[in-house]
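Each of the next two complexes has chain A plus one more chain, namely chain B in the first and chain C in the second.
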Partner chain A sequence: MRRKTVGYLFVLPILVLILVIFLYPLISTIRYSLYDIPFGVKQGPFVGLQNYRIIFAEPVFWQGLRNSVIWALGNLAVQLTIPFGIAIVLNHRLKGIDLVRAIVLIPWIVPAVVVAICARWLLLPTMGPINYYLLKTGIVARRVNFLGSLGLAMPTLIALNSWKFFPFGTLLILAALQTIPAQLYEAARVDGANPWQCFTRITFPLVGRIVWFIGFLAFVWNFNIFDLIWLITQGGPGNTTQTLPVLIYRTAFKTFRPGEASSIAVIIMIFLAAVGIIYFRLLSPKKEERIIAQ
Partner chain B sequence: MSTRRIAEVSINYLVIAIVLVGVMSPFIYVAFSSFKPLKEIMTIRPAFFPHQPTLKNYQTLLLARTPIRNFPLFLFNSFKVSIGTTLLTLVLACLGGYSLARYRYRGRELLGRMMLFIYVFPTILLLVPVYKMFSRLNMLDTHFALIIVYTALAVPFCTWLLSSFFRGIPPELEEAAMVDGAKGLTIFYRIVFPLAAPGILTAGAYAFITAWGEYMFALILLMTSAQRTAPLGLATFTAEQYIEWGPLLAGSWLIILPVVVCFLPLAKYFIRGFIAGAVKG
Partner chain C sequence: MSVRKKSLALVGVMVGLLVVVPGLCLAQEKVELTFWHHEAPAHRVAAFQQAIDLFEKEYPDIKVNQEIVMWGDAWPKTLAAIEAGNPPDFQFGIPDLLLTVYRANAIVPLTNLVKEMDEKYQFFPGAIAPYHHENESWGVPIWTMAFLLTYRPSYFEEYLGTTEPPKTWEEFLDYAEKLTHAPDLHGIGLAGAKNLMVDEQAYCIMTTAGAKFFDEKGKIIFDSPETIKALKFYKELFQYAPPGADAWSWGEMELNIAAGTVAMAPYFPSVQKRFYEEFDTSDYAGAHMPYPPDGKPGTICYPNEIHVYKQTVAKGHLPAVEEFVKFILKPEVNYILTAVQEPGGFYPATEAASRAPEFWNDPIITRFKGMNEAAMEALEYATLYGFEYGRWVNLGIGDITGADILADVVNRIVTGQMSVEDAVKWGAKAMEKYSEPVG
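This part shows the complex of A and B:
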C-alpha cells in the first residue's frame, strides 16, 4: 500500500465519525425545520417555512433570543475580564504555581450536574448557607431568593456559569501571555514603566488577537449551554432564564414539536454564523496589530 | 528586594489566595456538609463543620436502592460509558494523530485545523437530529449510542493533542526500528507508544472527563432508569417532590471524585497541551 493511502486510512474513522455526528445532523436539522413532524412519526409532510412562521409568532421565542443574548454577553464580559487578571498573576514564576494552576482548573472539569445541585442547595432562600453568611456579615438585610426572583435568576446563573468556565479563559489567556518574551518586560521596567503601562503597551497589544479569538469561542460556547440552566432553573422563573437552547429542548422533548425545535436550531446557526462574520470581518483588530502578534 | 517588588509579590499572593478560596470553598463546604445529619443540613443556622458527623447520607444513597433510585448502578453505568469512550477515543485519536504527524498528503493541514475548529460547532443543533438518528437505528437507550456521541465530542481535541506529541518524537527512531525489521504495529507499540505515554494518558483523561460529566445527550438518548448514568440519575433525584439534600450532596462528591483523581496528576500535561493548542489555533 502506498504511504499516502495509509495516512488517509488512519484518519478515515475520525472523518466518518465527524460526518455522522456533526455534518449529517446539520443537514437534517435544516431538512426537519421544513417538515411538520408529529413526535414518533418518521416523516411528516413538507410545510415550507411554516415552522418558522409559528416560531416567529411566539413571544416565547423572542424572549428566548433576548435571554440568550443577555446570557452570552453577560458571561463573556465576566469570562474575559476576571480571567485576564488571574492569568496575569498566574503567569508569574512563584512557588507552587503549578499546583495553583491545576487547582484553578477544577471548576471546569466538575460536571454541570454537581455545580447545579450544590448551587441550588447553597443558594436556598431560607435554609441556604450563602444567605446565612450574607445575613450574618450584614451584606444583605433580608434573605435573598437568588434563583426564584425574576430579576436575580439570570445574573445568578451567569455568575455560576462564569465560575465554572473562568478556568478555560484563564488557561487560554495564560497560554497567550506565555508567548511574550520576558525580556520585553525587563526592558520596559528599566525604562521606568509602571505595571499599568506594561499591560497597556506590551501585554494587551501582543495577546489581543488571541484574546479576540477566545472571545468568540466563549460567546459560542456560552450561547449553546443547556445543561447548567436546565438543571438549576429549567428556564424559570417566568421564562426569565429560558435561553434558546432550553427552548429547543422544551419544544422538541416536552411539547413534542421537533420541526419547530429544528427551525429554532437553524435560526441559532444563522445567528452565530452572522456574529462570527461580523466579529472577524468588521470588528477584528487591525492588520498591523496582527502582524506584531505573530 | 525593593518595596515596590515586595508589594507586587504580595498582591500576587493575595489574588491567588482569593482565587483558591473562591474555587475550593464551595467544594470543601459541600464535602463537610455531606457528613452532616439532615437536621444540620436543613437549618437556618448552618455550621461549617458537622456537629454529629454521620455516614447516613452515603448509606441512603448507596444502600437504600430501588429500581428507579439505584445510584451504585448509575455509577457503574457511568464507568462503563466513560471507559468505553476513553478506549474508543484513544484508538481513533492515536491512528489519526499519528497520521497527521507522520504522513504527508493533500488536505492534511486542513484536517489538523478542523480538529480544533470543530469546537466552534453549536452542539445544541445536534439535539433533535442525533435523537432521530439513534431512534431510526434502534439504538435509543443504549450505552453504545452515548459512547459514539461522546467519542465524537472528545476525539478531535485528543487527535490534535496526540499529533503534537507524536511530532515531538524523532522519526529516526522509527526508521531505525524499521531497518532492524520491525513491522508497523510493533514500531508503534514499542517506540511511539512509550514515548508519547504522557500524551496518551492526557488524551485518555480528557475523554474520560468529557464522558463522565455529560448530561444533555444522556438526557435525550437514555429512556429507562436502569440505563441512567450518574449525572442523569442524580439529576432525577432533584425533580422529586421532596428533595433529600443529604444524599444529593453525598452523590455530588462521589461524582466529583473520579474526575479530580483522574485530572490532578495529569494537570501539568493538560495545561501544556492546551497552551500549545491555543498558541497555534
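This part shows the complex of A and C:
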C-alpha cells in the first residue's frame, strides 16, 4: 500500500504538469467555445452551440479546412519521400558523410521567422535572386510571382515548410535504416536481388513502421502550423493559404471573437483525433511487418 | 543567548524599524508610473528615454518606466492586463486600440486635459477626431502619421522632364504609365495583399474620391459609386506596380522604395531616415495625394494617443500622468517623440509643435523639408477610415480594420478573383458582420 502511494507521488509532478499545461487550456477552450465572448477576454452569456453554427455557416471556414487538408497532405507527401531518399544516401559509408549528416540538420535549427523573412526576400519577383537566376538560366521566360499568385502560393509555402522539416524525417529514417543488418542485403544479393528489389523487399518493410509513425507526426504538426504561414503570406493571396490555425488567429486576435476562435480550435481537435484513430486503427502496418521491424 | 541579550537585540531591531520605516514611507511618496508603448526599434526606445529623462529631471518626485509591447501583441496583452486588473498607468495607442480599451470599459475620459492642451497648442482636427465620443475625449494625441504620395524626383526628371508631382488622377495614371520601364522600374508602388498597409493605401485613394465606410449615423455605405470609382482607379494604377506587389507588406514596400524599383508610392514619408543615413541622398520627395476632378484633397492619418486606465485614478496617479502628458506636448519636448524618434514617420499632433524650431532644425527633417512641409499641410485635411465625423459613429471599426476587409476587397480585385462591383458588394456585406452603429 505504502509502495503504491510512493509510486503515485512520483507520478504526481508530471500529472500536475499535464493538468496545468494541457488539460486546463483544453477544458477552457471547450468552455469558451460555448460562450458568446463579444469582446476581448470578457466572458459573455452561455450560447450553447451557437458559435459552431456561425462557424459552419462561414464559407471561409470551409475554405480554411480545405486549405488545411491540402497543406497537411502536400507537406506529408514531400516530407515522406524526400527525407527517405536523403536518408538512403546518408546511410552509405562515404568519406565526409558525418559532416554531411551534420549539415543536413541546419534547416531544422533555423527559426521559422528567419526562414520566413529570407524566403520573402529571396522570392521577390523584382529583386529576389531566385527569379534573377531562373530568368538568367532560361528556366522561366518571365518573373514568377511565387507568393502573390493564387496558384503558386500554397505549393511555395509547402516547399519552404518541407525544407525546414526534412532533417527531422531524415534523421528518424536514417536511424531506422541503420538498424537493418547488412547481412540481409548481402544474403539478398547472393540470391540475385537487384537494388530495387532490395529496397522494396527489405528496406521499405523494415523502416515502414517508422515512416508510418513520421507520417502521423508530420500530418498533425503540419496541420497545426501557424508561424510560417502567417509570417510569409498571412493567409493570402485571397484566402488561398489561410489554414484553420491562421483563421483561429484572425478570429481571436484580429476581430476579437474568442468564442468563435475556440470553436474552430475544438473542431480541429476533434478532426485530428478522428484522423489519429483512423490512422492507428486502419492504416497501422501489418502485424508481421511490426514483428520484422522489432 | 541570554534573556537580557535577546531583549536588547529586540529593542535594537524595533529602534531600527522606527528609523527605517518612516524613511521608506517618505521614499514611497515618489510616484512611479509605468506606461506601455509599441515602438520597439532601439532608436525609438532611446527617444522615449530621452523625453523621460528630461521629465524626471524637472519632476524628481515622479519616476517613469517605459515598457515595450510589440504592436502585434498590443491587443491581447492589453486585454489580458485589463482582465487581470493590472494594466499600466497609461498606454500609447492608435484609434483602434483606444476603441478596444474603451469597449472593455477600462479607461477614463481626459476631456479637461485635452481641452487645456487644445487651447494651448491647437490639435490638428484629424488628430483629435478619432478620440472623441459622447462629448468626452478618451485619448490625448501625442504625435500623428500621414501618407503622402512619395516619389523619386530624379525619375520624374529623367522620364517625364519635370520635377512636378501629379496633381490629378489623370496625371497620376499617366505618370505611372510613363515611369514604368519594366523590369527595372515600375511607375507605382501599390500593394494588393490582405494587410493593414493595403487598407491604408486603398483608403488614401478612396478618401480623395469621397468614399467612406460609414455615414454620419454609422450605417455602412461602403458599397457606393465613390468606392467603386476609387477602387477601379486603384486597379488601373496597379497594372504599373511591380510583379508580386499583390503579396507585399511593409518590408517589401520600403525595400522597393529604397532600391528605386518604384518611382512613386502612397506611403508614410518615413523612409527619409534611410535615404539620409544610408544613401546620403535627397532623391526622395513627397506631395499631396492626387485627386479626381470632382474629388478633394485627402489622405490617411494615424494619430497616436495616450489613454489612462481606471486603476491609475484609483492609485492616485492621474495627476502625475497629466503632468507627463503636458510635458511631452510642450513643442520643445514633443519634437523628441517626432523628429528624433522617427523623422517623417511621426509628425506633431499640434499646430504649435508643428512650428517648433526644434522640429525643423532636425537634420533629417531639414534635408527633406519640402516633403515634411507637405505632410504638415496634409495633416490639416487628413482623416482615418471610420473616424471622419469628429466622433465615433460605428464601434465595429476596430474589428473591420482587424479583419482587413478593405484590403481583402482590394486583393480580390487585383488578383482578378472578382470584379470591382462584386468585391465592393462583398466587402459591404463582410463589414455588416462587425457593424455596431452608434446612431
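We take it that the second predicted complex is superposed on the first by the 276 of 294 C-alpha atoms of A that agree within 3 Å, B and C clash if a C-alpha of one lies under 4 Å from a C-alpha of the other, contacts with A are read in each partner's own complex, and residues count from 1 in each chain.
Rule of thumb we're sticking to: contacts are C-beta pairs under 8 Å (C-beta built on N, C-alpha and C of every residue); 3 or more make two chains touch, one makes a residue touch a chain.
Worth saying up front: this structure is predicted, and the values here are computed from it rather than measured.
Student: In the superposed model on chain A, is it clash or fit for chain B and chain C?
Tutor: clash
Student: Using the touch definition from the top, say if A:Val104 reaches chain B (first), chain C (second), both or neither.
Tutor: So A:Val104 only meets chain B here.
Student: With both complexes superposed on chain A, which partner does A:Leu283 reach: first (chain B), second (chain C), both or neither?
Tutor: Touch partners of A:Leu283: none, neither chain B nor chain C.
Student: Is A:Val190 touching the first partner chain B, the second partner chain C, both, or neither of them?
Tutor: Touch status of A:Val190: no partner.
Student: Just checking: does A:Ala153 make contact with chain B only, chain C only, both, or neither of them? Give me first, second, both or neither.
Tutor: A:Ala153 sits against chain C, while chain B stays out of touch.
Student: Residues of chain A touched: more by chain B or chain C?
Tutor: B
Student: Just chain B (first), just chain C (second), both, or neither: which does A:Ala57 touch?
Tutor: In the superposition, A:Ala57 contacts neither chain B nor chain C.
Student: State whether A:Arg120 touches chain B only (first), chain C only (second), both chains, or neither.
Tutor: Both partners, chain B and chain C.
Student: Is A:Ala141 in contact with chain B, with chain C, with both, or with neither (first, second, both, neither)?
Tutor: A:Ala141 contacts neither chain B nor chain C.
Student: After superposing on chain A, check 6-14, 24-32, 42-50 or 276-284 and name the one in chain C that bumps into chain B.
Tutor: Comparing the options 6-14, 24-32, 42-50 or 276-284, the clashing one for chain C against chain B is 42-50.
Student: Following superposition on chain A, which residues of chain A contact chain B and also contact chain C?
Tutor: Residues 42, 117, 120-121, 126-127, 253 of chain A touch both chain B and chain C.
Student: List the residues on chain B that touch chain A in their complex, please.
Tutor: 8-9, 12-13, 15-16, 19-20, 22-24, 26-27, 29-30, 33, 41-46, 92-93, 95-96, 98-100, 102-105, 108, 111, 114, 118-133, 136, 148-149, 151-152, 155-156, 159, 209, 212-216, 220, 231-232, 234-235, 238, 245, 248-249, 251-252, 255-256, 259-260, 263-264, 267-268, 270-271, 274-279, 281
Student: Show which residues of chain A lie in contact with chain C when the two form their complex.
Tutor: The touching residues are 39-42, 117, 120-121, 124-127, 143, 145-148, 150, 153, 233-239, 250, 253-256.
Student: Enumerate the contact residues on chain C facing chain A in the complex.
Tutor: Residues in contact with chain A: 75-76, 79-80, 82-83, 100, 103-104, 183, 186, 192-195, 242-249, 251-252, 255-256, 259, 261, 398-399, 402-404, 411-412, 415, 417, 434.
Student: For chain A, which residues are in contact with chain B within the complex?
Tutor: Chain A reaches chain B through residues 3-4, 6-11, 13-15, 17-18, 20-22, 24-26, 28-29, 32, 42, 85-86, 89-90, 92, 94, 98, 100-107, 109-114, 116-118, 120-122, 126-127, 129, 132, 163, 171-172, 174-176, 178-179, 195, 210, 213-214, 216-217, 220, 223-224, 226-227, 231, 244-245, 248-249, 252-253, 258, 261-262, 265, 268-269, 272, 276.
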